[in-house]
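One chain, chain A, links the two complexes that follow: it is found with chain B in the first and with chain C in the second.
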Partner chain A sequence: MTSRSYLYYPGCALQHRSHAYEVANQAVAAELDIELVELDDWNCCGATEYFTINRLPAYALVARNLALAAGQDGGDLLAPCSACFLNLYKTDRHMKQYPALAAKVNKALDAGNLHYEPGTVRVRHLLEAIITDIGLDELRARVRRPLYGLNLAAYYGCLIARPYPVFGSPEQPTMMDRLLEALGANVVPFSLKTYCCGGHMTQISEESAFEMIHRLIKNAAESGADALVTICPMCQLNLDIYQDAANKHYETNYFVPAMFFTQTIGLALGLAPDQLAFGQEFVSFAALIEKIQDAPPPRTRPERRPKQALPMPAMPEEV
Partner chain B sequence: MDDRRVGVYVCHCGHNIAGTVDVEQVAEWAQRLPYVAVARHFQFMCASTGQELIEEDVRELGLTHVVVASCSPLMHEKTFRNACQRAGLNPFLFAMANIREHASWVHPNDRDGATAKAKALISAAVSRVLRQNELEPIRVNIHPATLIVGGGIAGIQAALEIADAGHHVYLVEREPSIGGHMAMFDKTFPTLDCAACILTPKMFDVGTHPNVTLLTYSEVENVEGFVGNFQIRVRQKARRVIEDLCTGCGTCWEKCPIKVIDEVFEAGLGYRKAIYRPFPQSVPKYPVIDVENCTYFRTGKCRMCEKSCPAGAIDFDMEDRIIEFEVGNIILATGYKLFDCRRIPQYGYGRLPNVYTSLEFERLTNAAGPTGGKVTLRDGETEPKSVAIIHCVGSRDRNYNRYCSAICCMSSLKFAHLVKEKTGAEVYNFYIDMRPIAKEYEEFYHRILEEGTHFIRGRVAEITDAAHTAEEEGKTIVVAEDTLLGRQRRIPVDMVILAAGLEPQADAAEIGRMFGVGCGTAGFFTERHPKLDPVATMTEGVYIAGACQGPKDIPDTVAQGAAAAARVLGVISQREVTLEPIRASIDESRCSGCRICNALCPYNAIEYLEAEGVSRVNAAMCKGCGTCVAACPSHVITGAHFTFEQVMAEIDGIMVDVYSESPTAPLAEIMA
Partner chain C sequence: MTAIRTPTLYQQVVDSTPDGHRLDICLQCGTCGGSCPSGGDMQHTPREIFALLRAGYDDEVLRSNTPWYCVSCYACTVRCPQAIPITDLMYTIKQQAIARGYYDQHAAAKFSETFVGFVEQRGRSFEFGLATRFHLFHHPLQSIRLGMVGLNMLRHNRLALRPKSIRQMEQLAAILNKAKELAAKEMQA
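Right, the complex of A and B next:
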């Protein structure tokens, strides 16, 4: 495999709160011969809030990163956080779509002697880049510790699926499902895979946030998932840090660890748990590692349907 | 100057032309063109008064050629040719200048420009018409037989109309039995009479009619020829059951050990054997062997059907049969395909067991269906206590199909009634708009309202199994914005029915190409005129009927089937058809026999005469497309009505100086 190099925009969350994600990203990247070159002098993307408060400065804030990226390398810019990805992607698209906006944003960028020509930088999410550029076959070949016996729910969250369907279907994406299968895990059907995790709702209305978090852990547990796999620090934070509080609020006792997807990949590639910053989570991964088996679990025969039962519609591999 | 005298008529087309083009000035200017004896302008040239104007002038002023400047020749060329003919002028001494589509409509804000362009177009037509020759139409006999493709209710209706009128019909159906979608339905709206009860007598009539050749399990492979004289080749797939011996007793499929899901007739909800006939009232009654699933064809062993058949009718070695015949007219009645609900993953079809499609529900509620008509969940036994019916699935949705599928409102109402009648369940209909628009449909809607069905206006966002509350546990939850209430609603139900939209058949474009019929943006066959000629197509002798032309319910489908039949009977009763004499011809004395034209002709109308060493055009097969004319390296092929001189004269005419007081085409002298 040839080595690859990408410009990388870690985002604020990975600097502190979700440091484990950054550790796993770097470890997996090294293992896959990917060089993640951090964008020099990057700034916050404005997260989910700034665009709803003051739009033009929000665009300018994001466009500064795009302008820096264009100047430093151009080409692809990878973001591991869904909010960062969406803001960068959206700003690029909107500047292209609305020349008047692009003019205003560039006027603001003038102050820092920067300029961004929309369309120059290709904004991508880390997950999509790994799946598309490395490919599932290559990943499968690199798996040294298949995640046999692990039942995982692929949780995409809301920002990545909509409004730009870069992950396939905006309602039922399957990209990460295929990835987890390639790692040897059993992917459980998870109906809420593109539901919102609550975002920063915990800071505004705890009750609303608990409702949103609780329905995710409940549905994942009921679907038979041993863990949720996330691709966004916000999602992971809500599911992990607030799982206990949400359980208490609803007087339930669900236990569903929330991993970053690179932690899951790393585990399958044979990296040691401490190389992937295991242990920093609130809902412990320890039991998961125990659960991994040496061989694929025997194929359970499908439950015999009663004689009078009606057949289910045939489902093609990918719809 | 010789004695040629041209009459020019400039049409106002009400406001359509006169609103933009200065028709008075144009007529006055045209009067000064060489050979023009008279130039007039008139409000509606196509009206009888306009046509009479031409006829009078031909008789009284001795016009030798006529030009009408109005709309597209597609619209009224025939009208004005007929006017010329009535006045005793050969209709091919007429030319049309299109100053509506080519001038007024496309330059609505440029009066001077449009007026100048109208003058140029008229000059071109005058210059051309002066070089046109008298032509006589070609007459060919019409073969009285008709091909009907598709044995659903549209094809059945058309076949019976024509056969009853005493003419022969070849009815070709892809499946082992005729009947189409209608044979799968339980009840029909709004009268709730049983679909089979009204359809099967018609199927039987078609199957036994002396004037009908029924070709089931067959597909048209090739079509050649033209109106009145089509040569058809049909491939009849091998049934592997000898029809002359089979009595349809059913022993073979009772003995057959292989059970497969019936994806066609039972919509995937029921089973059939590897030797099967789709349903008890199938026409014809003979079964077919499904080679892909038959044990004998897979392993060379079994032969249970052969051993058990009391008539000895099983023939494993039977081969496909090619059948060739001639017809004069063709009706396409190829029907529709149901929208694939798996394309909307958030509706859970295929994932959530108790989400059904409309066609699955038709089978579920049908007394001859897999549950014997019992409405149950996917477990085959539990009756639902609450059912949601989702309208417009795949229709009126820019992600899938923008059009309205026309039947779903009514079939959803029918489903609501049947569910209530059979189970007493609570029924929730999620709709965008209610469109029960035909006779007695609104009354049916009110009947369903009075039965207590809940109507929630709002497109469903999602159908999920993820329960939020205790009462949602174990249910299928329908999430929608109730746009009348202005809030989101979650309705937990036991069963969901998706009223899936109607789509063109998967191979509609391919079939269309074979028969020379175009498809519109949605993929349905295009009619000759959306209002005034809904069953004819742009190809003479080829008609369309039923849902292949666009989504429609049974009454409309039957009406179209009968309409297409009436059109065909009209053509047959004329005994012969007049073809445009616009044909290519080869000057054999100058043909070098290079044969370049032979292979280029898209209609195989050019044959090479070995003995003479020249090529010759078969006038009956030639469509006058002009390909060979342009390709001939010796310039010895001429297209009648499109000769070199005529086309050059037209070009010359359009180069006129429209601002000149005494206009002449620049090369007129040389050309003359």
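Right, the complex of A and C next:
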């Protein structure tokens, strides 16, 4: 297999708070012969905060990264965080769509001797790049420890599903569902797969945040999921670190670990839990590993016609 | 005869939002509020905010907690039958509320501002600093409980006590200062 190389924008969260995600990304990339070249001297994307304060500097902050990426010329720019992905993608797109905005952003970049021609850098989310470029067939072939017996809920969250539907449907994408199936897991139907995790609300209005977190863990647990699989450090943070607080607030005791999708891939590729930084999560993964079986569970087919079903209507006899 | 009038809040909001003028064709259908995960906590649903904004009830709009409860999930934006960029309009209303002094001391605005402060200083966000500076100032009574979350994060090796900075900080500062200057000019125009 030929090795692939990408520019990589890890984002602030992966530096420490969600370092497990970074560890898993690097481990899985090495295993899949993907080279992730870190964008040199990248800066924060501003998350959802800078656009609240001042629009133009918020665009300029993101555009510096795009200009650096264009200069470094290392292929598509991959972001593992949904907020980083959206800010980078949206800034590129808005600059292309609104030339007056692009002119102003470039005037600001000029003060730092940079320039960005919109459309030069292709911004992608890590998940999409793995699925599209490596492909599910090849992934399936590389699985050494299929995740038989694990019931997983694919949780996409907001910012890669919306507002730009790069993952297909903005309401019910299926890209990650197919990935998890390829790893041997059983993917449960999860109706809140693109529902918001609460974002920064844990810091501003806890009760609103707990309500959103609680809806998600309740829906996942009731769908039969052993774990949620996330693709964004913010989603993982809220579902993991605040799960206990949300449970206390609603007097429930749901227990739904939230894994990063590369941790799930790594596990199926046969990597050891420490290679994937297991143990940094608040809601433990330990029971999940125990649950993996050696053979796929027997498929229970529903009967074609339940016995209690209404009889078929009698057709009038042909004359 | 043409009279020179200062632009209304409505005009300012739609002018400074990409595609903001689509708000002109809002149907008042309420799909936005129905799709909103935090709509229950809002004083006005997004539909109501847009009705107030169009009718010139500027004070009610700027005082409302609605944009501050927007979690930026874009559920309304993708469902809006008129393709109005609702989430982006909420960002603009927040900027206007801060610029006009309505929300400048409010916790939600302070959180964003504290976050941005670290980014402007170092080029990276800094959670430990953000949490301590923001919560000690705004939620001193909750600080003990939040401190427990912080300790737990430290125990799981998920909290850095020292900030990281980018190398070319002068370059970023020059870019941001220039952008702020241009934004201030935009505001005056």
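Note that the second predicted complex is superposed on the first by the 300 of 319 C-alpha atoms of A that agree within 3 Å, B and C clash if a C-alpha of one lies under 4 Å from a C-alpha of the other, contacts with A are read in each partner's own complex, and residues count from 1 in each chain.
Note that in this section a residue touches a chain if its C-beta (ideal position, glycine included) is under 8 Å from a C-beta of that chain, and two chains touch if they have at least 3 such contacts.
Predicted model, so just to flag it, every value in this text is computed and none were measured.
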Contacts of A:Pro57 with chain B and chain C, given as first, second, both or neither: second
Touching partner for A:His115 - first (chain B), second (chain C), both, neither: neither
Which of chain B and chain C A:Gln172 touches, first, second, both or neither: first
Of chain C and chain B, partner touching more chain A residues: C
Which superposed partner A:Arg4 touches (first chain B, second chain C, both, neither): neither
First (chain B), second (chain C), both or neither touched by A:Pro311: first
First, second, both or neither for A:Glu49, with chain B first and chain C second: second
Partner chain(s) touched by A:Ser191 [first = chain B, second = chain C, both, neither]: first
Footprint overlap on chain A, where chain B in one structure and chain C in the other make contact: 171, 211, 215
Complex interface listing, chain A residues touching chain B: 169, 171-172, 189, 191-192, 211, 215, 219, 305-316, 319
In the complex, chain C residues that touch chain A: 16, 18, 37-38, 40-41, 68-69, 71-75, 77-78, 85, 87, 91-92, 94-95, 98, 107-109, 111-113, 115-116, 119, 123-125, 127, 131, 134-135, 149, 152-153, 156-160, 164, 166-168, 171-172, 174-180, 182-183, 186
List of chain B residues in touch with chain A within their complex: 261, 263, 268-271, 342-346, 349-351, 353, 357, 360, 364, 370-371, 376, 378-381, 462, 464-466, 468
Chain A to chain C touching residues, read off their complex: 12, 15-19, 41-44, 46-57, 59-61, 64, 94, 97-98, 101, 104-105, 107-114, 158-159, 162-163, 165, 170-171, 194-196, 198-201, 203-205, 207-208, 211-212, 215, 241, 245, 279-282
